[in-house]
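Below you'll find the structures, each written out as structure tokens.
Each of the next two complexes has chain A plus one other chain: chain B in the first, chain C in the second.
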Partner chain A sequence: MLIAIARRLALSLVTLFMLAVFVFVATEIMPGDALDVSLSADEIAMIPPERLAQMKRDLGLDRPAHERLGAFLGGVVQLDFGRTLMSKTPVTTIVGYPYRNSLILAAAVLLVAIPFALAIGIAAAVWRGRPIDNIVSTVAVIGYSIPEFVIGTVLVMLFAVTWPIFPATITASTRDPALTLLAASPLAVATVVIGSVAYLARLVRTGMIEALASDFVERLRLTGIPEWRIVFRHALPAAIIPSLTAMALYAAALVSGIVVVELVFAYPGLGQELVRAVTRREVHVVQAIALGSAAIVVALNLLADLAILALDPRTRRA
Partner chain B sequence: MSKLTRRSALLGATALMTAFDSALLGSAFAQPVLPKRGGTLVYAQCSGNRRGGDASNTKHPYFMIDLITRSAYNTLTWVDEGLNVVNELAANLAPTDDKLNVWDVTIREGVKFHDGRDVTAKDWASSFELHRRRNFASQQIKSTEVTGAHSLRFFLDAGNSEFPYVLAEYDNVVMPANDDFEKIGMTGIGTGPFRIVEADPQRRMVFERFDGYWRKDQPFLDRLEVINREGQMESAINGFRSRQFDAVLNIDPRLVRQLTAEAETEVVPASSGDQAVIILPKHPGSPFLDVRIRRALAYAIDREAIQRIVYGGARFGWLGNDSHMAGTDPMFVGRPIRRDVAKARALLAEAGHPNGITLPTLYYAPQWPEMGRYFQVIQETVKEAGITLPIEERPNDGYLNFRQGDADVTKGNWHKFAYTAVGPRNPGISLFRMRGANNESGYWSGPGHDRYLALYREAMVTADAAKRKAIYAEMQKICYDEVPAILPAGRNNVLIRRPNVRGLNNHPQHWSITWDGVWKA
Partner chain C sequence: MILFLRRLSRRPLTMLGLALVGGHLAVAALAPWITPYDPLRLLEAPLEPPTATFWLGTDELGRDFFSRLLLGGQISIVAAACAGLIAAFGGGLLGLATAFYRGAFDDAVSRIVEMKLSIPAILLVSLFVTGFGQSLGVLILVMGLIYMMGVIRTSRALGMTLMEQGYVKAAKLRGETATAIILREMLPNIADLLTVEFALRTSSALLLVSALSFLGLGISPPTPDWGLMIQSGLQSIRSEPWLILAPALCVSTLVIGINFATEGVADLLGLEAARGATGQ
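This part shows the complex of A and B:
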């Protein structure tokens, strides 16, 4: 067991190192630099070229790439992503609250989506082939296929413009308390929940169908255990174990991957910060967000692996 | 046809008399609607703000320009909606002699900072120590000298007849004196009608009324909330529709028709706004070295079609004159030459292209949302003159570097046949942009250019506005004769507001909208 954990930890560290190098290279090949986008055409027209060159030197934009890679990796080890190029603000200050806000949104979505997905997925599996299963399967495919920005826009049109019940766009501040932020974001949460329920319900349904058709469930049925008990006490845990990795990856994707939803509703999360940083060529911020998101994926994947190791004795032998 | 009866005749006469009375009494006794005090106004700002600040500097006047400059701060002068310069915190402003390189300013007395302290000449001198180092238009200020508690002298490196316009630039605000350039302005304490109470970098600013404001009885609003929706126009407009916002600034002109039809929506265009510069590079091998080809292109472009198709007419777009002058400027001279396809063809034939010409690719970036359709119209209309014009959209990111190439053309990385956007400013700043040393002129040179620069220098030391106007007219004539660059048409900035929002005027310089006189009915 310990060896298996150590192996997975080591693998995660190697993955993180490779990701750090990849993130650095990817941000290096972006065209332009922070100075290009921070100056207006008015300013460029009036500032002499030698002054522009000096500004570039002052920002360290003329240092060779390998020097910057060394400094970047050294900083990553200490969780120090440096400072923004233009205002010299610590990058951790810039990305701290957006990380928190994306985690709040993801947590709220999962809190609502998981119970719904479990209920719907279980019902569809238990009544497999019946009308309820057909409806759930069809709606899930549609819900999962429709892009989130379409769902978001429709919800805005219905519940913010036609019937102004909820706000169309989020005006809360980045540093507002979690509850204030969530109170301002019902449509954003609903948009992600719809897609999430559709995805997770399909996952649960598939796992449950497999579990309910397995030999051990058949044996339990023969012993006369009530069907509801078989479903919830025996089949459900068995169904969830294989889905854990997929669920963990989905949760990670929620934190870093709901850029579109954040943009539709102007939610002050990582997605908005990433777009802003790319637009402004704030390379250090882009690196921190990209690497942080990758680290969340690796960490959740590791947690899922460890959970599977703990729950399923067969995997410990691998 | 209905029959005229005695009853209907009497009724008609009564109605006429009533209408006449009410019109007469109405005009004689109409009371001006007094601004109502109090309330909160929430507006969204959609313009791209390339200097958006962060946690360390959001309150500084150099950042979040469109969101805070005219709410929390004041300058010595202000450019009004007609692009005329007027005093703001300057009580008097005049050059010391006809060289126009030394200017004396008397500062308005009784002006207070948000912390209650009186503003003195020392604060202005300290603020301009930063501005002359950092602001692009203020670099001509060599030094300042405090000549009294409320008077200041500016020493320039050369004469500038339009120096008052420089003082109106959005950076050039007064901040509490501080010798440390890294600290001055960071507190967000200004003299403006509102004081900053909450600053969420690049996202949201909240202001409250400053009771000690120098304009008596203003501002009218108690609170102003500004939501930054740069690049998120749909989100801003949805917010307006769902009644979260009272106004949205800088919307795409393409949305005007749709929004005009919506209830409780007033569309307010400014008298002008940014315009497009088509840079014609004049490096070795470029077809634009030949003035006949430059002229042919200028003749072939259908400017009215751009105004009509891209902007939906003269209310939201204006015609350029191939200089950087804004169409709304009192010194702007309309281009006398209209579109002439036959003349364009003749010029091409004269230049050795009797069967037409294929130009290099024209690059543009979507700095304003309408740019794609802007260049499609140009591409289509020049076809009639036998000009094939390939166009290519490039991303905004890194576009500046891409289009400028190296200033040193011997490196082979030529500056491109490309577009850039320019904002409306005073003639001095605008016309100086066509100098040969600037990329926007395509590094123009020759006798026409030399004459242009000589005229510019003359204008800068000509105090008489009427004489200056004549000089500027000649400079503009050189532009449409020599066509160093083509500036076919520009946009009028557009904002939308609720009908109960009063006193909110649009401005050609979207950073110069003021909030002092805005109120909610």
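This part shows the complex of A and C:
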């Protein structure tokens, strides 16, 4: 068991390391260096050559690529992504609070979405082929087909404009405590929850149908155990495992969704920071955000793997 | 084939999906001929309400909103379909190649797939937009590469089972080259899968393009585009909500249509395959 856990931990670290290398290489293959990307051609033409050379030296751009990769990785380990070119603010300072805020949003979404998805998915599987199942399956496809920013905008129209129950945009500021932020953003949470439930409920339904059709459930039925006990006590753990395996895709979609929804509601998270950084062409900030959110995905995957270890004794050997 | 079509016609949701997709494609293809006004010309005062001449009123710059709505899907549909094609073909070939060669090549590709799947698509695109600027070509290429990862997984799994089939073994014994076996023996057998993958990846790419345009990182103004239109409609959400609702309805019905259609067709293809395997 301990060895299995250690293996999963090590794999996550390797993935994170490779992600860091990938982010560096992706920036490296872009035309020009960090300076060319951040400044327009006109701006570069206006800077005298010796000053330009000095700026490049400051940024370490005159060193060979492998040395810079080393420096970049060394920085990442210490959570140091360098400073922005113009204002010289450390990237970590810029990204820190928005990162925390996005994590808060993600945690709130998962806390609300998972129970709903479980309840709906189980109900659809138990009453398979009945009206409730057909409705759930159809609504789920519609739910994950509508872009998050559309769901968010429509929720604003309904619950902030037509019936002004909730605020349309979030008034809380970047450094507010978690609960203040969440209290100010019920519609933002609801938006991501809708897409998540649509996606997760289908996974749970499929897993549950498979589990309910398996031999061990049939045997339990023959022993006369009440059906509800079979569903919740015996079939559920087996049904959740395939959904957990699909966690990688869901986690990435969750982070993407959060980034977009934050912009709809002006939530002070990574999404806002990302768009600001891309339009200002601050490569270091984009790098930090890309790596940071990939780290969320890797962490959620790790959690899913550990949950599988807990649920499925067969995976503990290895 | 006729049997297939007859089964298809018995699924109302699948038919609805096909109709939605067909309608959207027809409008997008015919848009240059059926738009009443030039979508880029400033015709009227901005934010006019709908009238008999301007069916959906004018947008924030005074352009005919209905004309822009008709054209608003074109670029994103083409971009998403190109990305879907790159993903399906590239992913199919790479997946089969990993199944064929296994070993170190398989390990390397699988690692990359796993890693790429952990970076949320929007962030990967943002990273490249920062470096290359907003260009449709880069956008299509990056999306194609992102969605290729999932296709590699599924076609690798199917390729593994194909490797056990008699005709693939026979081709190997005949001494045919790897390229010939992958292209002639294996690729035709995953055509069904790749068609479904193409549709699925195209619908994901559509969602991504519209989200990126909404964020201001995808298609750039003044091109008419649903994501962009929704974004600029936010300014007048209280007074002119239809400026948001109309493009929102368009993009949603298109993606819902693709997903309904794909689900039905995939289900039927699965049934056909299962019948073919056991029905003799």
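In this text, the second predicted complex is superposed on the first by the 245 of 318 C-alpha atoms of A that agree within 3 Å, B and C clash if a C-alpha of one lies under 4 Å from a C-alpha of the other, contacts with A are read in each partner's own complex, and residues count from 1 in each chain.
The rule is simple: a residue touches a chain if its C-beta (ideal position, glycine included) is under 8 Å from a C-beta of that chain, and two chains touch if they have at least 3 such contacts.
If you're wondering where the values come from, they're calculated on a predicted model, not measured in any experiment.
By the touch criterion defined above, A:Gln54 reaches neither chain B nor chain C. Residue contacts after overlaying the shared chain place A:Arg281 against chain B and chain C alike. In the superposition on chain A, A:Thr180 makes contact with neither chain B nor chain C. In the superposed model, A:Pro147 lies in contact with chain C only, and not with chain B. Once chain A of one complex is fitted onto chain A of the other, the partner contacts of A:Leu263 extend to both chain B and chain C. Of the two partner chains placed by superposition, only chain B is touched by A:Thr93; chain C is not.
Once chain A of one complex is fitted onto chain A of the other, the partner contacts of A:Thr171 are limited to chain B, with no touch recorded for chain C.
When the two complexes are superposed on chain A, the residues of chain A that touch both chain B and chain C are 30-31, 37, 156, 161, 168, 263, 275, 278-279, 281. By the touch rule above, chain C contacts chain A in their complex via residues 13, 111, 114-124, 126-132, 150, 203, 207-208, 210-211, 214-217, 227, 230, 234, 237-238, 241, 244-245, 248, 251-252, 255-256, 258-260, 263. Across the complex, chain A is touched by residues 42, 44, 50-57, 136-137, 139, 198, 200-204, 225, 227, 229, 231-232, 234-236, 238-239, 241-244, 395-402, 404, 407, 420-423, 425, 433, 438-440 of chain B. The part of chain A that touches chain C in the complex is made up of residues 15, 18-19, 22-23, 26-27, 30-31, 37, 138, 141-142, 144-150, 153-154, 156-157, 161, 168, 248-249, 251-253, 255-256, 259-260, 263, 271, 274-275, 277-279, 281-283, 286-287, 289-290, 293-294, 297-298, 301. By the touch rule above, chain A contacts chain B in their complex via residues 30-33, 36-47, 49, 84, 87-89, 93-94, 156, 160-161, 164, 167-169, 171, 173-175, 263-266, 268, 275-276, 278-281.
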